[in-house]
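Written below as C-alpha cells is the structure these notes are about.
Going by the order they are written in, the chains are A, B, C, D, E and F; count residues from 1 in each one.
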Amino acid sequence: MPDLPEFSHVSEDGRARMVDVGHKAPTERTARAEAIVRVGALIADQLQRTGAVAKGGVLETARLAGIMAAKQTSSLIPLCHQIPLSVVRIEAALEGDTVRLESFVRCHHTTGVEMEAMTAVSVAALTVYDMCKAAGKGITIESVRLLEKVGGKSGTWQANDEGIS
Amino acid sequence: MPDLPEFSHVSEDGRARMVDVGHKAPTERTARAEAIVRVGALIADQLQRTGAVAKGGVLETARLAGIMAAKQTSSLIPLCHQIPLSVVRIEAALEGDTVRLESFVRCHHTTGVEMEAMTAVSVAALTVYDMCKAAGKGITIESVRLLEKVGGKSGTWQANDEGIS
Amino acid sequence: MPDLPEFSHVSEDGRARMVDVGHKAPTERTARAEAIVRVGALIADQLQRTGAVAKGGVLETARLAGIMAAKQTSSLIPLCHQIPLSVVRIEAALEGDTVRLESFVRCHHTTGVEMEAMTAVSVAALTVYDMCKAAGKGITIESVRLLEKVGGKSGTWQANDEGIS
Amino acid sequence: MPDLPEFSHVSEDGRARMVDVGHKAPTERTARAEAIVRVGALIADQLQRTGAVAKGGVLETARLAGIMAAKQTSSLIPLCHQIPLSVVRIEAALEGDTVRLESFVRCHHTTGVEMEAMTAVSVAALTVYDMCKAAGKGITIESVRLLEKVGGKSGTWQANDEGIS
Amino acid sequence: MPDLPEFSHVSEDGRARMVDVGHKAPTERTARAEAIVRVGALIADQLQRTGAVAKGGVLETARLAGIMAAKQTSSLIPLCHQIPLSVVRIEAALEGDTVRLESFVRCHHTTGVEMEAMTAVSVAALTVYDMCKAAGKGITIESVRLLEKVGGKSGTWQANDEGIS
Amino acid sequence: MPDLPEFSHVSEDGRARMVDVGHKAPTERTARAEAIVRVGALIADQLQRTGAVAKGGVLETARLAGIMAAKQTSSLIPLCHQIPLSVVRIEAALEGDTVRLESFVRCHHTTGVEMEAMTAVSVAALTVYDMCKAAGKGITIESVRLLEKVGGKSGTWQANDEGIS
C-alpha cells in the first residue's frame, strides 16, 4: 500500500495552517494552468462568425480579468502567500465548441505560483461564462487544472494523462 | 437553423459592456452552482481516514473561502454588478474520489446571482486544490456549472443533461 | 439554570454559516461602538503638548482609517453581509492617558451594523497604535465593545455595567 | 523629566507620514500579538459543551479571518507598508470565560510585522464577536496588545507588566 | 460679495466627515464625466495606424479598468458611500492627439454617482498612460471633469464654459 | 520621419499584455507626479480663510487617500505589477485658486513606480473634488502628469515644457 499523502496546509489536529516559507531562498518559479469552458456549438458559432467582434470582446475581457485576478490570489485563497508576480500571461482561444484558457505566471519568490496560475484561468473562465450566459446558462467550465510548475525544491512537475500525482 | 444567440455583454462593435439594470425592480433571486474537484483515491482516502481532522480543515476552509469570494464577485468579474447578498451557503462533501461543492446564493436585487454562485464554488474548489496540492498537483477541478437560477424576468432555469441551453 | 445561548452563525454540526436575511424588510438600524487605547502618560503628554500637531495627525488619520474600514467590514469578517452604509462617524479624543474612539454607523438594510461599528473603532485603534508605536510598543487596546444598537427585530440594546447580555 | 517620545508617523507640522524604509536591508522579523475576548460564562459554557462543534466553527472561522486580515494590513492601516508575509499563525483557545487569540507573523523585509500581528488578532477577535453576538452583544474585546517583536534595528522587544515602553 | 461656499465633507472644526444619507429616499441618479489624455502626435499616429490593433488593446483595456474602478470608488475615496451601480459605461476614442474618455454611471440610491463617474475616467486615463508610457512618459492627463449629473435634491447640473459653479 | 513609438503593453496582434520583469534585478527606483485641481476663487478663498480648519480637513484627507491608493495601484491598473513600496509621500498645497498635489514614491524592485506616483495624485485629486463638490461641481482636475522618474534601465526622466517625450 502506498504511503498516504501529507497535507501541508492542515495541522495534525485538523486546523488550517499557512506554510512557513521564511527559511526558503527566493528563486525563479513559474506555473502554467488551463481552463476549458464548453460553450456549445451555437455560441461557438456565434463567436466564430462575429470574429474580432464578439470574440474579441469576450476573450479579451476574460484575459484581463484573469490577469487582474492572479494578482488577488492571496486575498481569495485563505492560506496563500502574497507573491509579487513578474508576469501573468493568459492565452484565450476558441477551439471547437470550447474556449480554452491557458495562463503562465512567473515570480522570483520563496514559494510557487501554482495557485496564481489556477486562479487566473478560473476567473477568466468565469468571465467567459458571465459574458455568454445570456445565450446559454448551461455553459460549463469543464476543466481547471495545473499544466506545469517549474522551480522550487520539488523541481519541475508536468501534467500527464496518468492521473493525479 | 436556430437563431444565433445574443451576447448581452458585448456591443455590436465588439466592446465589453455592462448591462443596465436601472429600469428593473428589485425582486427575490436565487442561484445554485456546483464544482467537482477530483482529488484522486489516495487523497480521498486520507481525507476520509482522518475524518473530522484533515477533512474538517480542508472542507471548512474551502467553504469559508467560497462564502467570502461570493461577496467579491463584482471585484473579480469585470461586468458584474455589486449585489448585496442575503445569504451565501456552501456545502462541501467528499464523494468517492471527489470533493463536491454546492453553493446557494440569494439576493433581493435588480439582477441575478448566478455569477456569485459560480464564483463561490470556483474559489472553494481552488482552496481545496491549494490545501491538497502538496499531496498531488494533478488534482483537477473537473466541473464548475450552474445548477439552477430562480427569479427575474427569465424565471427559473435548471441544469439538465441535454446540453447547453 | 438559564437556557444556553444560541449561535446563529454556527450550524448544528459545527460549521460556520451566514444568516439568511432575505426574508427581512429593510429598516433603519444604527450602532455605536467604543475602543479605548491606553497610550500611557508620556505619549499622552506628547500628544497633548503638540496639540493640533501630533494629536491632529494621529487622531484624524485614525478617524479616516476607521471610516474606510467600516466600509470593508464584509470583506474582513467572513459571515458579515455587505451593507451599503448611510453614514459612518468616528469621534477620537485624548482622555487622560488614553485615546477614546467612538463610532456611529447607520444603514437602511435587512440586518444591523454592529460589526461595522466594531470594525470602525478596531481599525481606528490599530491606527493609533501604528502611529504611536515608535514611542512605545506597549500601548494596549484595552477595550473594544458595542455601546448600543437600535432597530431591527430585537430592538434597542445598550451596554451596561452588569455584564454580557 | 524623561525625554518626550517621538512620533515617526507624524511630521513636525502634524501631518501623517509614511516612514521611508528604502534605505534598510531586508532582514528576518517576527511579531506576536494577543487578543482576549470576554464572552462570559454562559457562552463559554456553551462553546465548551458543544466541543468540536460550536467551538470548532467559531474558533476556526476566527483563525482564518485573522490570517486573511493579516495579509490586508497595508490596505487597512493608512501608513503601513505592503509586506509579503512568510507565515501567519493564529492560535485560538477557550480559557475560562474568555477566548484568547495569539498570532505569530514572520517576514523577510525592511520593516517589521507588528501591525500585521495586531491586525490578525483584532480581526479574529471581531469574528468571535460576530459569531457569538446573537448570544450576547455585551461580549467585549478586552485586550489587544503586542507580545513580542524580534528583528530589525531596534532588536527584540517583549511585553512586560511594567507598563508601556 | 457672494456667500462663501459650504463644505459638506468638513465639520466646523476642520475634521473630515461623511455625509449622512440615511434620511433620503432612493431615487434614480446619473452622472457623466470626462477625461482627456494628451498622448501627442506620434503616439496618436501609431494608435491610428495600427487601427484595431494597438488602439483596441489600449482603449479596451482602459474602458474595462474604468468600469472596474467605478465599482471600487468607495474603497478609494474616504468619504464616499457604497453605491450598488445599475450600470457603468465608458466610451474611449482617439481625437486628434488625445484620447478622450467619457463615463456614464447610473444608480438608484440615496446619493449621487458623481465620484463614480469621475473615478471611472480617472482610472481609465491612468490605464492609457500606463499602456503608452513606454512610448512617451510625458503623456499628460490634461482634464478630468464632471460633465453632468441628474437626479437628487439638487436636480440637474451641467458643465459649461463659464467656470466653476 | 521619426520612428514610431513602441507599445510595450500591447502585443503585435493588439492584445493587452503584462511586461515580464522576471529577468531584471531589483534596484532603487523613484517617481514623482503632480495633479492640479482648479477649485476656483471662491472655494480657494474659503479654504484659505478657514485655514487649518477646512483646508486641514480637505488636504489631509486627500493626502491620506493618495497614500492608500498608491498601495492599490496594481489592483486598479490592469497590467501593473505588485510593488512593495518603500515610501509614499504626498504634498498638498493651496496655490492661487488651485490645489496642487505632488507625490513621491520609492521602491526597491524590478520595475518602476511611475504608475504608483500617478495613481497617488489622481486619487488625492478626486478626494479634493469629493470634499469640495458641494461647493462647486465644476471643479476640474486640470493636470495629472509625471514629473520625474529615476532608476531602472532607462535611467532618469524629467518632465519639461517641450512636449511629450
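In this section, contacts are C-beta pairs under 8 Å (C-beta built on N, C-alpha and C of every residue); 3 or more make two chains touch, one makes a residue touch a chain.
All of these numbers come straight from a predicted model, not from anything done at the bench.
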Worksheet, complete the sentence: Ranking A-B and B-D by C-beta pairs in contact puts on top A-B
Worksheet item: How many degrees of rotation map chain A onto its copy chain E on CA atoms, rounded to the nearest 5?
Response: 180
Response to the item:
Computed over C-alpha atoms, the centroid farthest from that of chain E is that of chain D
Fill in: Interchain centroid distance [CA atoms averaged], chain A/chain C, Å
38
Worksheet item: Distance-wise, how many Å sit between the C-alpha centres of chain E and chain F, to the nearest whole number?
Response: 15
Worksheet, complete the sentence: Cα centroid separation, chain B vs chain E, in Å, comes to 32
Worksheet item: Can you list the residues of chain F that touch 2 or more other chains?
Response: 15-16, 52, 56-57, 60-61, 64, 68, 72, 75, 78-79, 82, 84
Fill in: Touching pairs among all chains present in the structure
A-B, A-D, A-E, A-F, B-C, B-D, B-E, C-D, C-E, C-F, D-F, E-F
Fill in: chain F residues within the chain D interface of the complex
28, 60, 63-64, 67-68, 71-72, 82, 84-89, 106-108
Worksheet, complete the sentence: Listed in rising order, chain D residues that touch chain B in their complex are 52, 56-57, 60-61, 64, 68
Worksheet, complete the sentence: In their shared complex, chain F is touched by residues of chain D numbered 15-22, 74-75, 78-79, 81-84, 109-110
Discussion item. If we count contacts the way the header does, which residues on chain F are in touch with chain E in the complex?
Written reply: 2, 4-16, 38-40, 42-43, 45-46, 49-50, 52-58, 60-61, 64-65, 68-69, 72, 75-80, 114-115, 118-119, 122-123, 125-127, 129-146, 149, 157, 159-160, 163-165
